[in-house]
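Got a structure for you, questions after.
Order as written gives the chain letters A, B, C, D, E, F, G and H; numbering starts at 1 within each chain.
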Amino acid sequence: TGVRLDLDRARRCGFPEVVYGPGKSSEALVEIFGRLRDERQAALATRVTAEQADSVCSQFSDVIYNAQGRTLRLPGSEQPSVGRVLVITAGTSDRNIAEEALETLAWMHVSAELLVDVGVAGPHRLIEHLDRLDGLDAVVVVAGMEGALPSVVGGWVDCPVIGVPTSVGYGAALGGMAALLGMLNSCASNVTVVNIDAGFKGAYIAGMIAKRRHDATSPV
Amino acid sequence: TGVRLDLDRARRCGFPEVVYGPGKSSEALVEIFGRLRDERQAALATRVTAEQADSVCSQFSDVIYNAQGRTLRLPGSEQPSVGRVLVITAGTSDRNIAEEALETLAWMHVSAELLVDVGVAGPHRLIEHLDRLDGLDAVVVVAGMEGALPSVVGGWVDCPVIGVPTSVGYGAALGGMAALLGMLNSCASNVTVVNIDAGFKGAYIAGMIAKRRHDATSPV
Amino acid sequence: TGVRLDLDRARRCGFPEVVYGPGKSSEALVEIFGRLRDERQAALATRVTAEQADSVCSQFSDVIYNAQGRTLRLPGSEQPSVGRVLVITAGTSDRNIAEEALETLAWMHVSAELLVDVGVAGPHRLIEHLDRLDGLDAVVVVAGMEGALPSVVGGWVDCPVIGVPTSVGYGAALGGMAALLGMLNSCASNVTVVNIDAGFKGAYIAGMIAKRRHDATSPV
Amino acid sequence: TGVRLDLDRARRCGFPEVVYGPGKSSEALVEIFGRLRDERQAALATRVTAEQADSVCSQFSDVIYNAQGRTLRLPGSEQPSVGRVLVITAGTSDRNIAEEALETLAWMHVSAELLVDVGVAGPHRLIEHLDRLDGLDAVVVVAGMEGALPSVVGGWVDCPVIGVPTSVGYGAALGGMAALLGMLNSCASNVTVVNIDAGFKGAYIAGMIAKRRHDATSPV
Amino acid sequence: TGVRLDLDRARRCGFPEVVYGPGKSSEALVEIFGRLRDERQAALATRVTAEQADSVCSQFSDVIYNAQGRTLRLPGSEQPSVGRVLVITAGTSDRNIAEEALETLAWMHVSAELLVDVGVAGPHRLIEHLDRLDGLDAVVVVAGMEGALPSVVGGWVDCPVIGVPTSVGYGAALGGMAALLGMLNSCASNVTVVNIDAGFKGAYIAGMIAKRRHDATSPV
Amino acid sequence: TGVRLDLDRARRCGFPEVVYGPGKSSEALVEIFGRLRDERQAALATRVTAEQADSVCSQFSDVIYNAQGRTLRLPGSEQPSVGRVLVITAGTSDRNIAEEALETLAWMHVSAELLVDVGVAGPHRLIEHLDRLDGLDAVVVVAGMEGALPSVVGGWVDCPVIGVPTSVGYGAALGGMAALLGMLNSCASNVTVVNIDAGFKGAYIAGMIAKRRHDATSPV
Amino acid sequence: TGVRLDLDRARRCGFPEVVYGPGKSSEALVEIFGRLRDERQAALATRVTAEQADSVCSQFSDVIYNAQGRTLRLPGSEQPSVGRVLVITAGTSDRNIAEEALETLAWMHVSAELLVDVGVAGPHRLIEHLDRLDGLDAVVVVAGMEGALPSVVGGWVDCPVIGVPTSVGYGAALGGMAALLGMLNSCASNVTVVNIDAGFKGAYIAGMIAKRRHDATSPV
Amino acid sequence: TGVRLDLDRARRCGFPEVVYGPGKSSEALVEIFGRLRDERQAALATRVTAEQADSVCSQFSDVIYNAQGRTLRLPGSEQPSVGRVLVITAGTSDRNIAEEALETLAWMHVSAELLVDVGVAGPHRLIEHLDRLDGLDAVVVVAGMEGALPSVVGGWVDCPVIGVPTSVGYGAALGGMAALLGMLNSCASNVTVVNIDAGFKGAYIAGMIAKRRHDATSPV
């Protein structure tokens, strides 16, 4: 099937290679999940189609398909979750990207919470939940349109904020570019940014930060 | 001097034509201010250079030069100010655009207040001043970088918010385009937008709203 | 259904939160309209699909679906309309955005009029209707392609002009960016701008200006 | 001096090659004007610096330097001007580009008139001059900011309108791109466009249309 | 049907208003063609769908539908064609835009010829046809991808060249922007440009130039 | 069918014209392949649809359809392959563009090899294959997303590297513009670039370099 | 001086507000440093001019000016550095941004190392230093042009990589946009991005990650 | 001086690393040239300032400074030039980029010729020189504005054409982006492209092709 998995990546980078769905045949996906399952590795595929999901799930009953997040996940060996990452969405339409982020954190065995629909036009909504912003390892803020939420969140927390701009919006939203540019120019120092709609990447960074903070018995 | 002033504009549009400085000779500016002064009209010129300002002010001692705002203003006949417009800046560097806005409101005989440096990365700074957001006719929000402040202000007030994106920032700020796009995509319904660095225009709209709300003995 | 309505917004901002249709399930919309209907609040949803509309209207017979404007509106308690806002379109194809604007004004209880197809290439068409430009609170100008109409209208009226660029056009229209940029650079001082195709937003600003000018027994 | 003039162009294209100033040494310019002068050809150089102009004019007293239009022109053999082209500017700052256009028409021996500062925000200004729009061969409309003037002019005349967008403006004017895009999307059918600040090109097209309409004793 | 035709345009601009198909109902189109037919005017509609065409043609048998050019044309009163305009395409895929141009010229009663597939990568192809470039009133050059053909044609002819960039190409063609920018920067002085895919506009300018050159018994 | 093949191109440019599929009717394609087959020339058509392929292949059994590469190829007269070109892909999704490249090299009679899925995030994957980078005439590197692979490959080889950016990716990939810009700015001196998804062009350049290096008995 | 420092930020966000130099008067800067010095806080100002630096340093001898990094730093109370952050540059010209990063880490009391000039076109240069990539808390990769280095580094380390695109390059580098887009599309999962030339921000995120990993006696 | 030269590059890539001037101190440059001179290697630095050049040349009398091309070149050991590369410019202003290309070819010991000012608007100029297009190894075409020349040259030659877009032009030339996009979309199959103003890179590719074609006694 012409796919060359980077199986050594877990050793080098801490986590195995994640499968990018687009352009892969269903057979290729089945093969990959089969191989990783045999090696008892956890596995994650993102941006899968319903058709790809069907092929894999009908073969392996322990693979979890999240239709909203467009992910396939093979849980791997049991192990306790560590850390605390909060995923926040600005509006209802940003939910599917948040789901991709949650699946990624589950795959990483990092504890995650979700806070939805607290966009800046209703500023009291976030303030009502300030207590949930305490004691976090990292925050993933998913927001489209003007992408202002990471800056506001960044002003309330003492941990890294990963901004995930989404393609939600129309016209001058330019498919997410407005939100992306906004987040890159955030006047909050603790905001860093990933690609538009990159729920996976935002969560991966956050999860890595959390994991490494809690796993190490005595880091360095 | 080849300048054709639209002298009828005050009748048609409520306020006379404002002079755009760039590309005009100092002589042309002196002539314009002289003519309007003779007719006892108020006058405003924007984006003037220090050199243009010198020429006009050395001729007419009652013309006020605001170096930070780059404006020349001839106060015209005395008349009481009406309304209440608040000009807010996100950061210190947005001040010169705010000055242009304040001069414009002074020229329109609209009462203006200034609140500076309350950018979203210090969210409590705005909240400390929520009382100043009450009873306004309009707000002019001047902000560069990610331009998130109008959305946040928009969520606290019951009047129109005029967003003035500024060219403050670097890199992906794209000379103010990031802030402009952000404001255009604001999820707050009461946010409308003018050109980058257009302190004059933002204040003109706000002043017009205030003036017409208070002037009319019985509108319509 | 995971939707967190900003129910306090009417108190803070003068009008309740408007529902943005995309990405919401039909059940979520039915639930929202049901809740607001129980509280006897007026409600507006924008950019709804025919399918979403069917679900809501088959449940609540008093909800009005405007297919051209893609809106759902629940009229709320009877109350007289105030003010006078004119909605102008440049061409026939801008009509659907004008409809969104008209529905928004109806929801706000602001009187609205419509003037269509008076684009600048037939300059006499607008001039024939100059009388309709008198005594307005605000104008909403809906125009695609080069977006020149707000500037021309701005030169004839003494009230704020809200430019709504549309995605009408092709090639260098860039999905409405040409019209948007044109309006932002308007040489008419009273022109302010909202997002491409944002009929809702343009009307919301205009309606707010009209409402506040007429409602207040004695403002300030 | 490494310059290869296309001396055959007059035969092929009706007019000789025009010299583009940037990147040429003063010596090269002196040589070119000398050569063309020896051959008793008319010559035009555009976008010349004051330094280049000095070198050429100190050598040849019959070369005319238009500092505002940044052109050098050698009139060539006497011959009557034909046709009628109107050059219109939207604002005072567009004047230098209009000067480049006027010099080009003079070099082509085409009669030209100038109408300045009739931008769309003062719509009556153009209407007062409608009589000057009659009986023209072509119009060159020079406008920056939103670039709306060609559309409006296009709606009043029965001849081609050449739009010349200028880099006048700031922020979202994007160095003339807003005006350029606006003109390209003009809803007036008779508007065609040249590059930003291309006064030379706009006038060249207009002059060619005028010349060919009047020169031919019996065309075809 | 809410359409306000600019019926006076023929008097002001020489040709009646052309109907832009998108966003108009089939009924509106039938009504427009019916009205113009009753007044014995020629009519042209562009960018019509097959469905719109069916409705009009099944009603009026003398309306001509050009499916490739997406136009509907009502020939109007018989009258001889004048002038000579050449329409050139760079590649096979530019043909549909050329058809729109040809229909427009037919509607204007201007004689048109077609030369296809002579793109610059086969430079001898154009050279073989240099004789066809003689004695023209104007050339319409339709080209996508790099849009280089107008510059080359411009170097061979003594009349205006109207460049029509097309959206043919992929990747960095950016939907025709590459060709548009190329043509705007043409180093040939006689090249002017219209919008991407604007076969109608390119032909309209060319036809107007031709018509006015030949119609006038004694122009001015 | 209105297609003017540049049949002389093989003499001028070394290889015959390649057929660009989009916008050509199936009949036109059948005719072209028929004509070239009669003349015993090799032929290549790119970006063909399944429908176009069916028409041609059902007529001529010796034409090879590569569905993944979207090409039709007529092998022409037998002749040995020369040279050595390596086609490398960064990810699995770049495969279809690599197939277009391989078909082009086969049509040119240049020997080609394929190395897939060695993107920079797994740096050891390329290093394991460094031996395959020896003794090449040229490398074609097909990569989407950040398009970093050509720079890395360029640092290991002593021959030209042709970068083919692909539209693989989402969000800020901007349809391949990110990869294109990346490759254009490559800090490796031996990297040159073709259009996004232009597998044909990348291979054509590489093949031409290889062919000319090996064909000439004694070049110059 | 009109500056409203967010003095509470250290409590909320872990570190005090950093001063953004542009647009601030020298007096304002002196006042700020004076105030923070009185409170025995550490202080950092970025993007300061030589003139601003002179004013501050001539007043307070313990403030350190880094001319290459354009920073002013007041060390504050002595305290041991923790963690291990590596700052890598692709080329020599990226050094000034790396200096801004190093000053930021010094101000945060985080241990930092520097590895310069290991761009991807000399791939062995990074490989020679692979040992320095072990045991890090985070890496800050500063790179202009194609911005490929973060992806390559990302493939070798098990910690977060903060990509800082720089404006180094010309032409299609688009002032750093090419590098920015490249990094956003990185196929390495652990790469996150900050604004162009934002050495401060890249280091702030990295420093925060390091600090929080080592400071906490027992996190959560 | 913090510069880490990739001294192994000659072995890996066939030619040593070229020095990029911007951001390097004069001392660093002197040191680099000194070191390479000691090793009797040829050396090339590009984009050097007059000041940098002075420092190096006053130290080493055998280093050649090309002020127009902004290069410093140390010839290295004598060796005969091979191959034949033609450098073509479209206009006079493209000359400085052509000089950079010529210096690069001289440094590579590849024979180069120059043909200037043969832009497409004077199509006969290139045709007069068709004989010079025979027997080449590669062509470097340097062109700004619309960048059409590589396509035309590509149609006449049987070797690779390296297009070097330049920043010559104004307005919609967008600093060379118009020429770059044009060349990328070239309909000539043998055109490949490098960065804007990248005379060095264009020549490097061409020189490498020429060198490898002639050097090899028996390639592969």
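Following the convention adopted for this analysis, a contact is a pair of C-beta atoms (placed from the backbone, for glycine too) under 8 Å apart; a residue touches a chain by one contact, two chains touch by 3 or more.
Since this is a predicted model, take the numbers as computed values, not measurements.
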item: Shared interface partners, meaning chains that touch chain B and chain E; value: C, D
item: Repeat of the C-D interface, chosen from B-G, A-B or A-G (over half of contact pairs identical by residue number); value: A-B
item: For chain D paired with chain G, centre-to-centre distance based on mean C-alpha positions, whole Å; value: 51
item: Approximate Å spacing (C-alpha centroids) for the pair chain G, chain H; value: 36
item: Centroid distance [mean C-alpha coordinates] between chain D and chain A, Å; value: 57
item: In chain D, residues with contacts to at least two other chains; value: 9, 12, 91, 121-122, 154-156, 171-173, 177, 180, 184-185, 188-189, 195
item: Touch relationships between chains, expressed as pairs; value: A-B, A-C, A-F, A-G, B-C, B-D, B-G, C-D, C-E, D-E, D-H, E-F, E-H, F-G, F-H, G-H
item: Residue ranges of chain D in contact with chain E within the complex; value: 9, 12-15, 18, 83-84, 135, 137, 154-160, 162, 180, 184-185, 188-195, 200-201, 204-205, 208-209, 212-214, 216, 219-220
item: List of chain F residues in touch with chain E within their complex; value: 2-4, 6, 8-9, 12, 17, 20, 22-24, 28, 47, 165, 167, 175-177, 180, 195-198
item: Parts of chain H lying in touch with chain D, wherever the complex brings them together; value: 91-96, 116-118, 121-122, 124-125, 168, 170-173
item: Touch list for chain A against partner chain B, complex; value: 90-91, 119-123, 145-148, 151-152, 154-156, 169, 171-174, 177-179, 181-189
